[in-house]
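Every chain is named by a letter (A, B, C and D) in the order it is written, and numbering of its residues begins at 1.
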Amino acid sequence: KSIAILTPEEGTDYGWNQQGIDAAKAAAKAAGVEVVVAQGLGYGDVRPTLRELASDGASLLIAHASGYNTAAPEIAKELKVPVAIVDTPTGLEKGLVADYTLSGHQGAYLAGRLAAKMSRSKSVGIVVSGEPPSWNSQSAAFAQGVKAENPDVKVTYAVIGPAAYSDAAGGKRVTESVIASGADIIFGQGNGSSFGMLQAVETTKAGDGGKVYFIDVIGDKTPIDKGFLLSSVVWNIEPVYAAMIADLKADTFGTKSYSIGLKDDSVKLLKTAAIPDNVWTEIQALREDVISGKIPVEPVYDAAAVRALMTSVAQ
Amino acid sequence: MSIETAPSASATALDATAAVATRRDIQHRLLMTLGPILAALIIAGCILLAVGVDPLAYYGFVLEKGLFSPLGIQQTLTRMAPLLFLAAGLIVAFRAGMWNLGGDGQFLLGAVTAAASAPLFVQVMPAWLALFCSFVIAMVVAMIWSLLPALLRAYQGVNEIITTLMMTFLGTSLANVLVKLVFRDPGTTVPQTRTLPVEDRLPRLFGTTITSGLLLGLAAIIIVHLVMTRTAFGLKLRIVGANPRAAIHSGLGVPGLTIAVFAISAGLAGLAGAVDILGVQGNVRADWNPAYGLAVIPVVFLARMNGFAAIGFVFLLSVLSIGGESAARRLGVPKHFTLVLVSIVLIVLALAEYIDHRYNQSRRA
Amino acid sequence: MTGLFSEVFLSALLFGAVTAAIPLLLAGLGEQMSEKAGVLNIGIEGMMLAGAYLGFVGAFYSGSLWLGFLTGAGGGMAVALVMALLCVRIGLNQIVIGIALTLGLEGLTALLHHFQFSRSYPRLPAVDVTVIPLLSDIPVIGPALFKQHLIVYLAVALVFGMGYIYRRTQLGLNLQAAGDKPAALDVAGIDVLRTRTVAVLTTGALAGLGGAYLANIGAGLFIPFITNGAGFLGIVLAMLARGRPVWVLFGALLFGVCLSLTTAMQVAGINIPTDIIQMLPFLAVMIMLVLFGRRAGLPAALGIPYERGAR
Amino acid sequence: MGSLSSLSGADKRDIVALEGVTKRFPGVVANDSVDLAIRPGEVHVLLGENGAGKSTLIGMLSGLQQPDEGRILVDGEPTAITSPRHALALGIGTVFQHMMLVPTLTVAENLLLGGPWWQRPKTEELEARVAGITRTLGITVKLHAKVSELSLGEQQQVEILRAMVRNSRLLILDESTSMLTPKGIDELGALMRRLVEQGLAIVFITHKLKEAAAFGDRISVLKLGRKVGEIPPERFRALGEQAIISEIVELMFGKQKDDPEAAQRPVRTIHAEAAPLLRVHDLAVAPTDDAPGLSSISFDIRPGELLGIAGIDGNGQKQLAEALAGQRATAGGSVRLEGASIEALSVGERRQKGLRYLTDDRLGEGTVGTFPVSINFFLKQVGAAPFWRKGVEQRAEIDQRAAQLVREYDVRTPSLKTPVARLSGGNIQKVLLARELAEGAKVVIFNKPTYGLDLANTLASRQRIRDTAARGLAVLLISTDLEELLSMCDRIAVIANGSLVGTVENVDDARTKVGRLMIGLAA
């Protein structure tokens, strides 16, 4: 019995790929099964890898990229191997296809509240390298959080460019522009390019001459932080994978969607030294409200809707 | 010094020696292809050793997973289909002296239109007809995309390297715009086109996972080879390529032929996109760009624009990319090592050809 | 909406445009020199990657950006040396080798990054800018154009330096002859292969410098595939410029400005997909070609290896 | 090793001496132990058929190639001339058979090419030097014109000038007269005389025996790479022109008495009343960047008639030929073939109607150099039966017909599959002749048909052209070689600056009349 995870990039990105791989390893260890990691597969055709992993005996294939959500279910049907895919809530099939469309929107909402509280210039920025659904929902929730905290805080939204996942220079350039437009907190989502955003934050002064802070998503970049990381919407995918393995054993695989949220800490806001304790306390209180449903946070996945939201919040 | 030709008498004799020469030639070519590949593997092996990986294990996996395992060979053959179409298109262009470097843009637009049209067509017509129509549409769209560089080259003499490169940048963006805004599947959150159901895609061969696109690709490249070498049309194109002034002098309609070359070359690139979508992928996602074109260009040169040789090299490329991916994963090398391997193979093959050429020359002297 | 476009923001956009333009400028100038001398250097993307990687390594470990530029240029030149040996000295097909070098360097730098930096993602500190007095006080333009790192001014100066070389020196004549009629250069007593080698190595150095700029100043770090096709843009720019360095500068700036325009429109909340805005520079150039397109003045012997006395 | 018999001839006075020099190329021995002595104050003429190895010899003196065997002595010292730069440093200046100027640079820049790379071109210095040289040589050059704007003759002058600017002690001219007018040739002869009087040594290669006899001091004859004879200056002076020519002819071709070039024009009768086959009226072509235009060109050619076009090269001859063939757009006027207007027709359609054009640019546009000889025969018939059926190549038909043409036209080729560029110029010319004279020809335009050909090939080509006219075809013969026109044509028109300045019947005093027209005087 083994499970396999396929990721588009190397699992060393303190982000999507690394979280997926780490979670798969942890879940496998907990369940006492082997794990095969196929990383850095890119966004092309993964059918060969899927078939090979299946033929090597993997009993669950985790296709950890939205780009794999056509290929993986097809291979599942072809070879009768269960697969887990993302960003396809409608694709469930019992025993074969499970979806784990994850969204840290609840966490992003808190991050928005945090940003609005802490912005000295009353202006924050969102920089993304692309517009996949899970990022869109976080961008939207972040903006909602900002506005909920203080409607006067300006939210600036910028996409680096098409297929700019590895455009670190673009990330830096766009982030610098957004900072120049007044933002002193950047909510950044991107793979390789997020390091360019981090670099911009580290090397550019805010309008008031002070520090610009960075809020990251999915991973925890603390090990490489130089004191500019304000927080991160950290995901923990392990419970999801653990539940999948359990469902496989219980023969309920493919009957339900998995999600992550604040409730079980599978989404949480990273506490750093840059966050004052009183602010953190307030955020923790808000967390409870979100969990209890007192503050409803709905995910918005569509890029156009997100942009529309930004335009309306920008005004 | 100058040898008189004794035509009718020696014609047959000449042919006979030619046949013998051809057999030896094939042996020689095989040697001159496999030898360099071996050398390249040794060089790449040193890099592997340097990063602490056992090269023999690596190559073992490459061969096993790319060539000798039933699964691997099926994957390899499937991967070949779009590459063959692209190579066929490049053969036409390069033989006619046109540097169509816009293959990726044409490929993507072909892919997007095929992906957009096929799922609609299958709802109203038999699957085979739907596939056929999608192929045609993909081809036509790619042809249209090449029209501007073709016209600029034919009537204004604007260098096509520039225009096709720019059209490929434009085409890549346009393909994304089409996927995101025009042909987007409303049923998914991810921007992608509607998915063609697996059962409506090109049939697979003999119960394997090999797509019948492989046969289409083989047919395309062989037809192209025969047309280019055996027909008047192919000869005209080759004249335009080898000496455009001679083509004008000989009364060939150079502008028309130029446009034809672009159309055929782009059409084949569009078909490459279509065969990949209709045979394997089923849909196109936003920002998808496998950039096959760049990898196929050197292959076509190394094959000296010979269709059969190109088939061999495309096969090699597929084995390396399928097997390399697998081997890298098993041994913990980043997948990018495959790029290094392909690069070394290309350079060593080019060097070998040079040495071979030199050797032949000095032998004749 | 007007409030969005503060002076600071506008000058940041312009600053960003310049930053994005410099690597393209250096790559384009380099490519131009190769092409002038008759070598179609498709491997320039690989040279930029080598420059980006080694430039970053040099700057990161030494703490000196200038040393980084030096190692970056050296890295580009090392790749160019391979190209010169294979394509100039022994006349292998320039397109095959160029593409092979690009693929190889993509793989190699990604590999090295994986073993070296993929856990630590080191980043460089902020760069020191050289402020040009008076000019930098001009609103908007001043801070964008005249508060740049010294290398930016040097790169722009290089444009005019190249123009001087091409029009006013024997070397310029040699380069042009090497591209247009190498045999004539040869019988005039100048070694064609040496001339072309010099041109290719210069290309490598400039491309490497462009890569180093991209990594060290543009991004402040190195990640795999960081050049993202900048080398191919450089080829397009060089071909469009028809031998004039100033046109490379204009072209590079056009691309830079279009990139910043993307950001500006988004910040202004204008809802156009980035894909469409990114098509603008290419569209502009294609339209110019359609309107004014004539035979691009590419050198007659471009891409053809030279061999003395061959026929 | 070759014979070293004339080793003792390596005189102290020799600037350069070759001893037993051998050079091999794949499949050919281009030079076979050649001995040669080159002395100051002498014009040393090198003669030999196409492919005899003359240019190869020159290549070794100019540093382009190194001998496989034997040695070269410079000032008595064995010297390996390793590069063109080295040759220039030794004072060896060469005007190559093929143009060696950069077309996109100006004349001045071309002359300056080769200076230290870091310097600014020393244009002023050059202008002063050129002024001095051109004054003594009596030529003028446009220093600041682009080379591509010059006529071939002007380019050749620039090349000679370049050799002079570099202070050459030994000046080598490889077929430098092939592009010049009779007047230009005479001037070049006078120039060479002045130069050798200044103490230079000159090596002069030509295919024209009259030039050899008129300008030379010493003659060496090469045959199949071997030196087969030499006429030293003493003997040269002792003999008259005719005697020298017949001696050369004997060396080159074996027993033969007279000057073979001096063939008399056979008297032919042309039906004056016959309707013209080709009728050109008021033809005009717009000038382009690199070519002059044509204006009000009118002439008729009747069946069997041979009309010559004389003129200094670059006065619109090529444009005229191309306009007639349909390769160049016209700006007015009419062209009628057998009374039917053909201006609107394409190149291919004109050929269909029987209009044939034999280009002067054999490798540039006449053939596809890398294609086999066989295919080049049918370059203008691609797709036509019986060689192609339903668009598919019929190898057997093509090879059979090609073999027939090879025999008929005596094309010397290793095989039908040989790339045509490997043939010598003369043999390429035979391929073109065969192609243009193929069935259906009515009007044939020959553009410089004997340019660069050796004597035997020249004579053979001329005979073909005469035969063509004799078959009742109309022939337009464009040539810069006045002798050729006078020996063949019925009438000669003179072209200058893109228009016909006069037409002369080829009778007794045609030579003077044409000559006067060419230098701008009325006939």
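Quick note on the criterion: a residue touches a chain if its C-beta (ideal position, glycine included) is under 8 Å from a C-beta of that chain, and two chains touch if they have at least 3 such contacts.
Everything numeric in this text was worked out from a predicted model, so none of it was measured.
A count of C-beta contacts for the chain pairs A-B and B-D puts B-D on top. Chain A and chain C, compared by their mean Cα positions, are separated by 35 Å.
Chain B and chain D have CA centres that are 45 Å apart.
In this assembly, the C-alpha centroid of chain C lies 46 Å from the C-alpha centroid of chain D. Contact of a single residue of chain B with at least two other chains is seen at positions 173, 176, 180, 334, 336.
Counting partners per residue, chain C has 114, 224, 273, 275, 278 as the residues that reach two or more other chains. Listed for chain D are no residues, as none touches two or more other chains. In this structure, the chains touch in the following pairs: A-B, A-C, B-C, B-D, C-D.
Per the touch definition, chain B reaches chain A in the complex via residues 65, 71-72, 75, 78-79, 173, 176, 180, 187-192, 195, 198, 209, 280-283, 285, 287-290, 322, 325-326, 329, 334-336. Looking at the complex, you find that chain C touches chain B at residues 40, 86, 90-93, 95-97, 99-108, 110-111, 114-115, 224, 229, 232-233, 235-236, 239-240, 273, 275-276, 278-279, 282-283, 285-286, 289-290, 293-296, 298. Those residues of chain D whose C-beta lies close enough to touch chain C in the complex are 59, 62, 64-65, 83-85, 88-89, 94, 96, 98, 100-105, 109-110, 112-121, 421.
On the side of chain C, the complex with chain D involves touching residues 168-171, 173-174, 176-177, 180-181, 183-191, 300, 308-309, 311. Note for the complex: chain A touches chain B at residues 10, 37-45, 47-49, 51-52, 55, 66-67, 69-71, 74, 77-78, 87-90, 101, 130-133, 162-163, 301-303.
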